[in-house]
Amino acid sequence: MRVKTSFSRQAFMATIGASIELIEPGEVHIELPFSPHLSQQHGYLHAGATAAIADSANGYAALTLAPVDAEVLAVEFKINLMAPASAPRFLARGRVLRPGRRLSVCLAEVVAVNGPDQEVVATMLSTISIRPGRPERSPA
Amino acid sequence: MRVKTSFSRQAFMATIGASIELIEPGEVHIELPFSPHLSQQHGYLHAGATAAIADSANGYAALTLAPVDAEVLAVEFKINLMAPASAPRFLARGRVLRPGRRLSVCLAEVVAVNGPDQEVVATMLSTISIRPGRPERSPA
Amino acid sequence: MRVKTSFSRQAFMATIGASIELIEPGEVHIELPFSPHLSQQHGYLHAGATAAIADSANGYAALTLAPVDAEVLAVEFKINLMAPASAPRFLARGRVLRPGRRLSVCLAEVVAVNGPDQEVVATMLSTISIRPGRPERSPA
Amino acid sequence: MRVKTSFSRQAFMATIGASIELIEPGEVHIELPFSPHLSQQHGYLHAGATAAIADSANGYAALTLAPVDAEVLAVEFKINLMAPASAPRFLARGRVLRPGRRLSVCLAEVVAVNGPDQEVVATMLSTISIRPGRPERSPA
(Lines give C-alpha, C1' and ligand atoms only; values in the text may rest on other atoms or scores of the structure.)
Protein backbone atom coordinates (compact mmCIF):
# COMPACT_ATOMS: atom_id res chain seq x y z
CA MET A 1 0.00 0.00 0.00
CA ARG A 2 2.65 2.50 1.03
CA VAL A 3 4.72 1.37 -1.95
CA LYS A 4 1.84 2.36 -4.25
CA THR A 5 1.31 5.64 -2.40
CA SER A 6 4.97 6.56 -2.58
CA PHE A 7 5.28 5.45 -6.20
CA SER A 8 2.29 7.61 -7.15
CA ARG A 9 4.22 10.61 -5.78
CA GLN A 10 7.27 9.82 -7.95
CA ALA A 11 6.32 12.16 -10.79
CA PHE A 12 9.35 10.99 -12.78
CA MET A 13 7.93 7.48 -13.01
CA ALA A 14 4.74 8.88 -14.58
CA THR A 15 6.81 11.13 -16.87
CA ILE A 16 8.62 8.15 -18.36
CA GLY A 17 5.52 5.91 -18.30
CA ALA A 18 6.60 3.39 -15.66
CA SER A 19 4.17 1.45 -13.47
CA ILE A 20 4.34 -1.12 -10.68
CA GLU A 21 3.82 -4.69 -11.78
CA LEU A 22 4.46 -6.67 -8.61
CA ILE A 23 4.83 -5.98 -4.88
CA GLU A 24 5.84 -8.81 -2.58
CA PRO A 25 7.81 -8.84 0.65
CA GLY A 26 11.38 -8.11 -0.40
CA GLU A 27 10.60 -7.82 -4.10
CA VAL A 28 9.13 -5.14 -6.40
CA HIS A 29 8.85 -5.16 -10.20
CA ILE A 30 8.47 -1.99 -12.28
CA GLU A 31 7.40 -2.04 -15.91
CA LEU A 32 8.38 0.46 -18.59
CA PRO A 33 7.04 0.34 -22.14
CA PHE A 34 9.61 1.59 -24.62
CA SER A 35 9.00 4.98 -26.19
CA PRO A 36 11.17 6.93 -28.63
CA HIS A 37 11.09 9.73 -26.04
CA LEU A 38 13.29 7.58 -23.80
CA SER A 39 15.98 6.73 -26.31
CA GLN A 40 19.68 7.44 -26.50
CA GLN A 41 21.61 8.20 -29.70
CA HIS A 42 21.26 4.71 -31.21
CA GLY A 43 17.57 4.34 -30.50
CA TYR A 44 17.97 2.09 -27.45
CA LEU A 45 16.53 2.86 -24.04
CA HIS A 46 18.72 5.55 -22.41
CA ALA A 47 20.84 4.27 -19.51
CA GLY A 48 19.23 6.96 -17.36
CA ALA A 49 15.79 5.45 -17.94
CA THR A 50 17.12 1.95 -17.32
CA ALA A 51 18.72 3.17 -14.10
CA ALA A 52 15.58 5.03 -13.04
CA ILE A 53 13.34 1.96 -13.02
CA ALA A 54 15.99 -0.27 -11.46
CA ASP A 55 16.63 2.33 -8.73
CA SER A 56 12.92 2.61 -7.96
CA ALA A 57 12.47 -1.17 -7.96
CA ASN A 58 15.33 -1.61 -5.48
CA GLY A 59 14.17 1.24 -3.25
CA TYR A 60 10.61 -0.07 -3.07
CA ALA A 61 11.80 -3.63 -2.52
CA ALA A 62 13.66 -2.28 0.54
CA LEU A 63 10.53 -0.40 1.64
CA THR A 64 8.47 -3.61 1.73
CA LEU A 65 10.71 -4.90 4.54
CA ALA A 66 11.16 -1.59 6.42
CA PRO A 67 9.27 -0.49 9.56
CA VAL A 68 5.78 0.91 8.97
CA ASP A 69 6.67 4.58 9.28
CA ALA A 70 10.05 4.37 7.56
CA GLU A 71 11.04 5.96 4.30
CA VAL A 72 13.80 4.93 1.93
CA LEU A 73 16.38 6.71 -0.20
CA ALA A 74 19.17 5.38 -2.39
CA VAL A 75 22.59 6.11 -0.91
CA GLU A 76 24.30 4.83 -4.05
CA PHE A 77 23.95 2.30 -6.83
CA LYS A 78 26.08 0.63 -9.50
CA ILE A 79 24.63 -0.61 -12.75
CA ASN A 80 26.12 -2.81 -15.48
CA LEU A 81 24.56 -2.25 -18.89
CA MET A 82 25.07 -5.70 -20.38
CA ALA A 83 23.20 -5.64 -23.69
CA PRO A 84 21.52 -3.08 -25.95
CA ALA A 85 18.21 -2.13 -24.33
CA SER A 86 16.08 -2.69 -27.38
CA ALA A 87 12.58 -4.11 -26.86
CA PRO A 88 8.94 -3.00 -26.70
CA ARG A 89 8.86 -3.39 -22.94
CA PHE A 90 11.24 -3.50 -19.97
CA LEU A 91 10.83 -4.96 -16.53
CA ALA A 92 13.00 -3.99 -13.53
CA ARG A 93 12.95 -6.68 -10.85
CA GLY A 94 14.29 -5.38 -7.53
CA ARG A 95 15.04 -7.76 -4.68
CA VAL A 96 16.43 -7.29 -1.17
CA LEU A 97 19.70 -9.16 -0.66
CA ARG A 98 20.14 -8.04 2.94
CA PRO A 99 17.58 -6.03 4.88
CA GLY A 100 18.91 -3.78 7.64
CA ARG A 101 17.73 -1.35 10.26
CA ARG A 102 19.68 1.53 8.75
CA LEU A 103 20.86 0.25 5.38
CA SER A 104 19.53 -2.41 3.03
CA VAL A 105 21.34 -3.91 0.06
CA CYS A 106 19.29 -4.70 -3.05
CA LEU A 107 19.93 -6.29 -6.44
CA ALA A 108 17.84 -5.54 -9.52
CA GLU A 109 17.86 -6.97 -12.99
CA VAL A 110 16.33 -5.15 -15.93
CA VAL A 111 14.83 -7.50 -18.49
CA ALA A 112 14.00 -6.61 -22.10
CA VAL A 113 10.68 -8.29 -22.90
CA ASN A 114 9.84 -9.05 -26.51
CA GLY A 115 6.78 -11.26 -26.64
CA PRO A 116 7.86 -14.56 -25.12
CA ASP A 117 11.54 -13.60 -25.18
CA GLN A 118 13.28 -12.15 -22.16
CA GLU A 119 16.86 -10.93 -21.97
CA VAL A 120 18.63 -9.43 -18.98
CA VAL A 121 20.06 -6.12 -20.21
CA ALA A 122 21.22 -4.59 -16.92
CA THR A 123 22.07 -5.47 -13.30
CA MET A 124 22.03 -2.96 -10.45
CA LEU A 125 23.47 -3.32 -6.94
CA SER A 126 22.12 -0.64 -4.56
CA THR A 127 22.57 0.58 -1.00
CA ILE A 128 19.31 1.94 0.41
CA SER A 129 19.02 4.13 3.50
CA ILE A 130 16.10 3.38 5.86
CA ARG A 131 14.90 6.40 7.81
CA PRO A 132 12.10 7.08 10.24
CA GLY A 133 9.58 9.60 8.89
CA ARG A 134 10.50 12.02 6.12
CA PRO A 135 14.11 11.39 5.15
CA GLU A 136 16.82 13.53 3.74
CA ARG A 137 18.94 11.98 1.06
CA SER A 138 21.93 13.63 2.69
CA PRO A 139 24.20 11.24 4.50
CA ALA A 140 24.88 14.07 6.98
CA MET B 1 30.45 18.95 -33.23
CA ARG B 2 29.86 15.21 -33.08
CA VAL B 3 29.03 15.60 -29.37
CA LYS B 4 26.26 18.03 -30.32
CA THR B 5 25.07 15.80 -33.15
CA SER B 6 24.94 12.73 -30.94
CA PHE B 7 23.35 14.63 -28.06
CA SER B 8 20.62 15.93 -30.37
CA ARG B 9 19.75 12.29 -31.14
CA GLN B 10 19.39 11.45 -27.44
CA ALA B 11 15.64 11.98 -27.29
CA PHE B 12 15.66 11.27 -23.55
CA MET B 13 17.77 14.39 -22.93
CA ALA B 14 15.13 16.52 -24.69
CA THR B 15 12.36 14.69 -22.82
CA ILE B 16 13.81 15.69 -19.46
CA GLY B 17 14.89 19.17 -20.66
CA ALA B 18 18.68 18.74 -20.52
CA SER B 19 21.11 20.67 -22.71
CA ILE B 20 24.86 20.84 -23.25
CA GLU B 21 26.58 23.70 -21.47
CA LEU B 22 30.24 23.05 -22.17
CA ILE B 23 32.33 20.87 -24.51
CA GLU B 24 36.08 20.81 -24.08
CA PRO B 25 38.66 18.10 -24.73
CA GLY B 26 38.07 15.57 -21.96
CA GLU B 27 35.22 17.47 -20.32
CA VAL B 28 31.49 17.95 -21.01
CA HIS B 29 28.88 19.72 -18.86
CA ILE B 30 25.15 19.06 -19.13
CA GLU B 31 22.54 21.34 -17.60
CA LEU B 32 19.12 20.32 -16.32
CA PRO B 33 16.56 22.81 -14.99
CA PHE B 34 14.46 21.28 -12.24
CA SER B 35 10.87 20.42 -13.09
CA PRO B 36 8.22 18.76 -10.91
CA HIS B 37 7.94 16.17 -13.71
CA LEU B 38 11.39 14.90 -12.72
CA SER B 39 10.79 14.48 -9.00
CA GLN B 40 10.81 11.50 -6.69
CA GLN B 41 8.46 11.01 -3.74
CA HIS B 42 9.87 13.86 -1.62
CA GLY B 43 9.94 16.42 -4.38
CA TYR B 44 13.68 16.15 -5.07
CA LEU B 45 15.17 15.34 -8.46
CA HIS B 46 14.76 11.58 -9.07
CA ALA B 47 18.02 9.62 -8.89
CA GLY B 48 17.25 8.36 -12.40
CA ALA B 49 17.33 11.92 -13.76
CA THR B 50 20.49 12.70 -11.80
CA ALA B 51 22.08 9.56 -13.19
CA ALA B 52 20.88 10.30 -16.74
CA ILE B 53 22.70 13.64 -17.00
CA ALA B 54 25.83 12.37 -15.25
CA ASP B 55 25.92 9.32 -17.56
CA SER B 56 25.57 11.50 -20.66
CA ALA B 57 28.20 13.97 -19.41
CA ASN B 58 30.68 11.15 -18.82
CA GLY B 59 29.92 9.46 -22.15
CA TYR B 60 30.37 12.65 -24.12
CA ALA B 61 33.50 13.60 -22.20
CA ALA B 62 34.93 10.26 -23.39
CA LEU B 63 33.76 10.98 -26.94
CA THR B 64 35.77 14.23 -27.07
CA LEU B 65 38.98 12.20 -26.77
CA ALA B 66 37.94 9.24 -28.96
CA PRO B 67 38.94 8.67 -32.62
CA VAL B 68 36.90 10.63 -35.18
CA ASP B 69 34.65 7.77 -36.28
CA ALA B 70 34.25 6.19 -32.84
CA GLU B 71 31.08 5.91 -30.83
CA VAL B 72 30.73 5.50 -27.08
CA LEU B 73 28.49 3.52 -24.76
CA ALA B 74 28.46 3.18 -20.99
CA VAL B 75 29.54 -0.30 -19.89
CA GLU B 76 28.65 0.48 -16.29
CA PHE B 77 28.53 3.30 -13.78
CA LYS B 78 28.30 3.82 -10.03
CA ILE B 79 26.75 6.90 -8.48
CA ASN B 80 26.75 8.19 -4.90
CA LEU B 81 23.77 10.40 -4.08
CA MET B 82 25.32 12.59 -1.42
CA ALA B 83 22.71 15.25 -0.67
CA PRO B 84 19.05 15.94 -1.46
CA ALA B 85 18.88 17.09 -5.08
CA SER B 86 16.82 20.20 -4.42
CA ALA B 87 17.58 23.28 -6.54
CA PRO B 88 16.21 25.18 -9.54
CA ARG B 89 19.04 23.95 -11.74
CA PHE B 90 21.52 21.08 -11.93
CA LEU B 91 24.83 20.78 -13.71
CA ALA B 92 26.54 17.46 -14.48
CA ARG B 93 30.27 17.92 -15.06
CA GLY B 94 31.83 14.86 -16.73
CA ARG B 95 35.58 14.51 -17.01
CA VAL B 96 37.86 11.79 -18.42
CA LEU B 97 40.13 10.32 -15.75
CA ARG B 98 41.83 7.89 -18.12
CA PRO B 99 41.24 7.78 -21.87
CA GLY B 100 41.72 4.44 -23.56
CA ARG B 101 41.55 2.82 -26.97
CA ARG B 102 38.81 0.42 -25.91
CA LEU B 103 37.66 1.69 -22.52
CA SER B 104 37.76 5.12 -20.90
CA VAL B 105 37.16 5.88 -17.23
CA CYS B 106 35.26 9.07 -16.40
CA LEU B 107 34.22 10.90 -13.23
CA ALA B 108 31.24 13.25 -13.04
CA GLU B 109 29.93 15.45 -10.30
CA VAL B 110 26.36 16.72 -10.29
CA VAL B 111 26.05 20.17 -8.76
CA ALA B 112 22.82 21.75 -7.48
CA VAL B 113 22.89 25.39 -8.54
CA ASN B 114 20.82 27.88 -6.57
CA GLY B 115 21.79 31.39 -7.66
CA PRO B 116 25.37 31.87 -6.51
CA ASP B 117 25.30 28.71 -4.37
CA GLN B 118 26.60 25.40 -5.65
CA GLU B 119 26.51 22.07 -3.84
CA VAL B 120 27.77 18.74 -5.11
CA VAL B 121 24.83 16.34 -4.75
CA ALA B 122 26.17 13.31 -6.61
CA THR B 123 29.39 11.71 -7.90
CA MET B 124 29.51 9.15 -10.70
CA LEU B 125 32.39 6.88 -11.73
CA SER B 126 31.84 5.36 -15.21
CA THR B 127 33.44 2.88 -17.58
CA ILE B 128 32.83 3.88 -21.21
CA SER B 129 33.30 1.58 -24.20
CA ILE B 130 34.90 3.11 -27.30
CA ARG B 131 33.84 1.46 -30.55
CA PRO B 132 34.48 2.09 -34.20
CA GLY B 133 31.30 3.01 -36.09
CA ARG B 134 27.89 2.09 -34.78
CA PRO B 135 28.32 0.28 -31.48
CA GLU B 136 26.35 -2.30 -29.66
CA ARG B 137 26.02 -1.83 -25.94
CA SER B 138 26.45 -5.57 -25.63
CA PRO B 139 29.78 -6.61 -24.23
CA ALA B 140 29.46 -9.69 -26.42
CA MET C 1 43.09 -26.62 -15.93
CA ARG C 2 44.10 -23.13 -17.05
CA VAL C 3 42.19 -21.75 -14.05
CA LYS C 4 44.40 -23.82 -11.74
CA THR C 5 47.54 -22.85 -13.66
CA SER C 6 46.71 -19.16 -13.54
CA PHE C 7 45.63 -19.33 -9.88
CA SER C 8 48.91 -20.99 -8.94
CA ARG C 9 50.68 -17.95 -10.41
CA GLN C 10 48.63 -15.53 -8.25
CA ALA C 11 51.16 -15.27 -5.44
CA PHE C 12 48.79 -13.06 -3.47
CA MET C 13 46.31 -15.92 -3.15
CA ALA C 14 49.01 -18.10 -1.58
CA THR C 15 50.11 -15.21 0.64
CA ILE C 16 46.64 -14.91 2.17
CA GLY C 17 46.06 -18.68 2.19
CA ALA C 18 43.29 -18.91 -0.42
CA SER C 19 42.64 -21.98 -2.55
CA ILE C 20 40.24 -23.05 -5.29
CA GLU C 21 37.31 -25.12 -4.12
CA LEU C 22 35.23 -25.49 -7.26
CA ILE C 23 35.62 -24.93 -11.00
CA GLU C 24 32.63 -25.34 -13.28
CA PRO C 25 31.66 -23.68 -16.53
CA GLY C 26 30.70 -20.14 -15.52
CA GLU C 27 31.36 -20.62 -11.82
CA VAL C 28 34.43 -20.69 -9.56
CA HIS C 29 34.59 -20.88 -5.75
CA ILE C 30 37.60 -19.74 -3.72
CA GLU C 31 38.09 -20.64 -0.09
CA LEU C 32 39.90 -18.60 2.54
CA PRO C 33 40.44 -19.79 6.12
CA PHE C 34 40.41 -16.88 8.54
CA SER C 35 43.73 -15.86 10.05
CA PRO C 36 44.50 -13.00 12.44
CA HIS C 37 47.02 -11.86 9.79
CA LEU C 38 44.08 -10.90 7.57
CA SER C 39 42.11 -8.84 10.07
CA GLN C 40 41.09 -5.20 10.21
CA GLN C 41 40.93 -3.11 13.39
CA HIS C 42 37.98 -4.97 14.94
CA GLY C 43 39.31 -8.44 14.28
CA TYR C 44 37.10 -9.16 11.27
CA LEU C 45 38.41 -10.14 7.85
CA HIS C 46 39.77 -7.00 6.15
CA ALA C 47 37.65 -5.74 3.26
CA GLY C 48 40.75 -5.99 1.06
CA ALA C 49 40.98 -9.74 1.71
CA THR C 50 37.24 -10.16 1.15
CA ALA C 51 37.56 -8.24 -2.11
CA ALA C 52 40.65 -10.21 -3.17
CA ILE C 53 38.92 -13.60 -3.10
CA ALA C 54 35.71 -12.28 -4.67
CA ASP C 55 37.71 -10.57 -7.43
CA SER C 56 39.64 -13.77 -8.17
CA ALA C 57 36.46 -15.89 -8.10
CA ASN C 58 34.76 -13.58 -10.60
CA GLY C 59 37.80 -13.36 -12.85
CA TYR C 60 38.24 -17.12 -12.99
CA ALA C 61 34.52 -17.69 -13.49
CA ALA C 62 34.86 -15.48 -16.59
CA LEU C 63 37.93 -17.44 -17.69
CA THR C 64 36.00 -20.74 -17.69
CA LEU C 65 33.81 -19.36 -20.52
CA ALA C 66 36.53 -17.51 -22.45
CA PRO C 67 38.34 -18.75 -25.60
CA VAL C 68 41.16 -21.22 -24.97
CA ASP C 69 44.04 -18.76 -25.38
CA ALA C 70 42.33 -15.82 -23.69
CA GLU C 71 43.35 -14.15 -20.48
CA VAL C 72 41.20 -12.12 -18.12
CA LEU C 73 41.64 -8.96 -16.05
CA ALA C 74 39.21 -7.06 -13.86
CA VAL C 75 38.28 -3.70 -15.39
CA GLU C 76 36.41 -2.68 -12.25
CA PHE C 77 34.34 -4.09 -9.42
CA LYS C 78 31.93 -2.90 -6.75
CA ILE C 79 31.49 -4.70 -3.45
CA ASN C 80 28.89 -4.31 -0.71
CA LEU C 81 30.14 -5.41 2.71
CA MET C 82 26.86 -6.49 4.25
CA ALA C 83 27.80 -8.06 7.58
CA PRO C 84 30.87 -8.36 9.82
CA ALA C 85 33.17 -10.90 8.21
CA SER C 86 33.70 -13.02 11.30
CA ALA C 87 34.00 -16.77 10.82
CA PRO C 88 36.65 -19.50 10.70
CA ARG C 89 36.29 -19.85 6.95
CA PHE C 90 35.10 -17.82 3.97
CA LEU C 91 33.94 -18.89 0.55
CA ALA C 92 33.78 -16.58 -2.49
CA ARG C 93 31.37 -17.91 -5.11
CA GLY C 94 31.87 -16.17 -8.47
CA ARG C 95 29.40 -16.65 -11.29
CA VAL C 96 29.15 -15.26 -14.83
CA LEU C 97 25.99 -13.20 -15.34
CA ARG C 98 26.78 -12.37 -18.95
CA PRO C 99 29.69 -13.77 -20.91
CA GLY C 100 31.06 -11.61 -23.71
CA ARG C 101 33.72 -11.61 -26.37
CA ARG C 102 35.43 -8.54 -24.93
CA LEU C 103 33.79 -8.02 -21.56
CA SER C 104 32.04 -10.37 -19.15
CA VAL C 105 29.91 -9.38 -16.17
CA CYS C 106 30.17 -11.50 -13.03
CA LEU C 107 28.51 -11.59 -9.62
CA ALA C 108 30.14 -13.06 -6.52
CA GLU C 109 28.91 -13.62 -3.03
CA VAL C 110 31.26 -14.10 -0.11
CA VAL C 111 29.88 -16.46 2.51
CA ALA C 112 31.08 -16.73 6.11
CA VAL C 113 31.11 -20.44 6.97
CA ASN C 114 30.87 -21.46 10.62
CA GLY C 115 30.29 -25.19 10.82
CA PRO C 116 26.84 -25.77 9.35
CA ASP C 117 26.01 -22.03 9.35
CA GLN C 118 26.49 -19.89 6.28
CA GLU C 119 25.94 -16.15 6.04
CA VAL C 120 26.44 -13.95 3.00
CA VAL C 121 28.76 -11.15 4.16
CA ALA C 122 29.55 -9.47 0.82
CA THR C 123 28.36 -9.19 -2.79
CA MET C 124 30.56 -8.13 -5.70
CA LEU C 125 29.56 -7.07 -9.21
CA SER C 126 32.53 -7.11 -11.62
CA THR C 127 33.37 -6.22 -15.21
CA ILE C 128 36.04 -8.54 -16.60
CA SER C 129 38.08 -7.87 -19.73
CA ILE C 130 38.73 -10.84 -22.04
CA ARG C 131 41.94 -10.58 -24.04
CA PRO C 132 43.78 -12.81 -26.44
CA GLY C 133 47.19 -13.88 -25.11
CA ARG C 134 48.95 -11.91 -22.42
CA PRO C 135 46.79 -8.97 -21.47
CA GLU C 136 47.51 -5.53 -20.12
CA ARG C 137 45.20 -4.33 -17.39
CA SER C 138 45.31 -0.94 -19.11
CA PRO C 139 42.12 -0.08 -20.94
CA ALA C 140 44.32 1.83 -23.41
CA MET D 1 46.55 9.74 16.61
CA ARG D 2 43.48 7.50 16.51
CA VAL D 3 44.15 6.87 12.82
CA LYS D 4 47.60 5.52 13.74
CA THR D 5 46.18 3.50 16.64
CA SER D 6 43.47 1.96 14.49
CA PHE D 7 45.86 1.35 11.59
CA SER D 8 48.27 -0.46 13.91
CA ARG D 9 45.44 -2.87 14.75
CA GLN D 10 44.80 -3.64 11.07
CA ALA D 11 46.96 -6.74 10.94
CA PHE D 12 46.28 -7.11 7.22
CA MET D 13 48.09 -3.83 6.51
CA ALA D 14 51.21 -5.18 8.28
CA THR D 15 50.83 -8.51 6.47
CA ILE D 16 51.04 -6.83 3.07
CA GLY D 17 53.64 -4.28 4.20
CA ALA D 18 51.55 -1.10 4.02
CA SER D 19 52.19 1.98 6.15
CA ILE D 20 50.64 5.41 6.66
CA GLU D 21 52.38 8.21 4.79
CA LEU D 22 50.16 11.20 5.48
CA ILE D 23 47.29 12.10 7.82
CA GLU D 24 45.52 15.42 7.36
CA PRO D 25 41.95 16.49 8.02
CA GLY D 26 39.93 14.76 5.31
CA GLU D 27 42.90 13.04 3.67
CA VAL D 28 45.03 9.98 4.38
CA HIS D 29 47.75 8.42 2.23
CA ILE D 30 48.87 4.79 2.55
CA GLU D 31 52.06 3.46 1.02
CA LEU D 32 52.69 -0.06 -0.22
CA PRO D 33 56.05 -1.24 -1.56
CA PHE D 34 55.61 -3.87 -4.24
CA SER D 35 56.49 -7.42 -3.35
CA PRO D 36 56.21 -10.59 -5.46
CA HIS D 37 54.05 -11.96 -2.61
CA LEU D 38 51.34 -9.48 -3.60
CA SER D 39 51.19 -10.28 -7.30
CA GLN D 40 48.51 -11.65 -9.58
CA GLN D 41 49.11 -14.02 -12.47
CA HIS D 42 50.97 -11.50 -14.68
CA GLY D 43 53.25 -10.22 -11.95
CA TYR D 44 51.32 -7.00 -11.32
CA LEU D 45 49.97 -5.97 -7.93
CA HIS D 46 46.81 -8.04 -7.25
CA ALA D 47 43.58 -6.04 -7.42
CA GLY D 48 42.84 -7.21 -3.88
CA ALA D 49 45.99 -5.52 -2.59
CA THR D 50 45.24 -2.38 -4.60
CA ALA D 51 41.72 -2.36 -3.16
CA ALA D 52 42.97 -3.01 0.38
CA ILE D 53 45.13 0.11 0.56
CA ALA D 54 42.55 2.30 -1.20
CA ASP D 55 39.82 1.02 1.17
CA SER D 56 41.95 1.76 4.22
CA ALA D 57 42.95 5.21 2.91
CA ASN D 58 39.30 6.14 2.35
CA GLY D 59 38.16 4.77 5.70
CA TYR D 60 40.85 6.63 7.62
CA ALA D 61 40.25 9.82 5.64
CA ALA D 62 36.63 9.60 6.87
CA LEU D 63 37.84 8.94 10.42
CA THR D 64 39.84 12.20 10.48
CA LEU D 65 36.56 14.14 10.17
CA ALA D 66 34.41 11.93 12.43
CA PRO D 67 33.52 12.61 16.09
CA VAL D 68 36.20 11.71 18.63
CA ASP D 69 34.70 8.44 19.81
CA ALA D 70 33.42 7.31 16.41
CA GLU D 71 34.59 4.32 14.42
CA VAL D 72 34.34 3.76 10.70
CA LEU D 73 33.58 0.82 8.43
CA ALA D 74 33.23 0.57 4.67
CA VAL D 75 29.64 -0.06 3.61
CA GLU D 76 30.69 -0.56 -0.01
CA PHE D 77 33.23 0.55 -2.56
CA LYS D 78 33.75 0.52 -6.31
CA ILE D 79 37.18 0.51 -7.89
CA ASN D 80 38.29 1.03 -11.48
CA LEU D 81 41.60 -0.65 -12.31
CA MET D 82 42.83 1.68 -15.04
CA ALA D 83 46.37 0.54 -15.79
CA PRO D 84 48.64 -2.41 -14.97
CA ALA D 85 49.80 -1.95 -11.38
CA SER D 86 53.49 -2.39 -12.08
CA ALA D 87 55.92 -0.27 -10.02
CA PRO D 88 58.28 -0.57 -7.05
CA ARG D 89 55.92 1.43 -4.85
CA PHE D 90 52.23 2.34 -4.64
CA LEU D 91 50.49 5.19 -2.89
CA ALA D 92 46.75 5.22 -2.08
CA ARG D 93 45.48 8.76 -1.55
CA GLY D 94 42.07 8.79 0.15
CA ARG D 95 40.06 12.00 0.40
CA VAL D 96 36.62 12.81 1.84
CA LEU D 97 34.24 14.11 -0.82
CA ARG D 98 31.32 14.58 1.58
CA PRO D 99 31.56 14.08 5.32
CA GLY D 100 28.36 13.03 7.11
CA ARG D 101 27.06 12.19 10.53
CA ARG D 102 26.14 8.64 9.53
CA LEU D 103 27.75 8.13 6.14
CA SER D 104 30.73 9.74 4.44
CA VAL D 105 31.66 9.49 0.78
CA CYS D 106 35.35 9.23 -0.11
CA LEU D 107 37.41 9.06 -3.29
CA ALA D 108 40.85 7.47 -3.50
CA GLU D 109 43.39 7.25 -6.25
CA VAL D 110 46.13 4.64 -6.26
CA VAL D 111 49.33 5.89 -7.84
CA ALA D 112 52.19 3.72 -9.12
CA VAL D 113 55.42 5.45 -8.12
CA ASN D 114 58.55 4.71 -10.12
CA GLY D 115 61.26 7.17 -9.10
CA PRO D 116 60.06 10.56 -10.30
CA ASP D 117 57.23 9.03 -12.37
CA GLN D 118 53.71 8.73 -11.04
CA GLU D 119 50.77 7.08 -12.79
CA VAL D 120 47.23 6.73 -11.49
CA VAL D 121 46.44 3.00 -11.78
CA ALA D 122 43.13 2.87 -9.88
CA THR D 123 40.28 5.03 -8.59
CA MET D 124 37.96 4.02 -5.74
CA LEU D 125 34.65 5.60 -4.70
CA SER D 126 33.58 4.47 -1.19
CA THR D 127 30.67 4.83 1.21
CA ILE D 128 31.87 4.79 4.83
CA SER D 129 29.64 4.23 7.85
CA ILE D 130 30.33 6.41 10.91
CA ARG D 131 29.35 4.75 14.20
CA PRO D 132 29.67 5.68 17.84
CA GLY D 133 31.95 3.28 19.74
CA ARG D 134 32.66 -0.20 18.49
CA PRO D 135 30.86 -0.68 15.20
CA GLU D 136 29.44 -3.65 13.43
CA ARG D 137 29.97 -3.78 9.72
CA SER D 138 26.42 -5.08 9.47
CA PRO D 139 23.96 -2.57 8.07
CA ALA D 140 21.38 -4.20 10.36
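Read from first to last, the chains carry the letters A, B, C and D; within each, the first residue is number 1.
Everything below uses one rule, namely that a residue touches a chain if its C-beta (ideal position, glycine included) is under 8 Å from a C-beta of that chain, and two chains touch if they have at least 3 such contacts.
What you are looking at is a predicted structure, and each value in this text was computed from that prediction instead of being measured.
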Practice problem: Look at the interfaces A-D and A-C and say which one is made up of more C-beta pairs in contact. | Solution: A-D
Quiz item: Of all the other chains, whose mean CA position lies farthest from chain A?
Solution: D
Quiz item: Which integer distance in Å separates the CA centroid of chain A from that of chain B?
Solution: 19
Quiz prompt | Centre-of-Cα separation between chain C and chain A, whole angstrom | solution = 27
Quiz item: So how far apart, in whole Å, are chain A and chain D when each is placed at the average of its C-alpha atoms?
Solution: 31
Quiz item: Can you list the residues of chain C that touch 2 or more other chains?
Solution: 75-76, 78, 80, 82-83, 98, 105, 127, 138-140
Exercise. Name the shape of the chain contact graph, picking from line, ring, star, complete and other.
Key: complete
Self-check item: Complex contacts: residues of chain C adjacent to chain A
Solution: 78, 80, 82-83, 97-98, 105, 107, 120, 123, 125, 127
Self-check item: Partner chain D, residues of chain C touching it in the complex
Solution: 6-7, 9-16, 36-42, 44, 46-49, 51-53, 55-56, 71, 73-85, 121, 134-140
Self-check item: Residues on chain B engaged by chain C in the complex (per definition of touch)
Solution: 75-76, 78, 98-105, 127, 129, 138-140
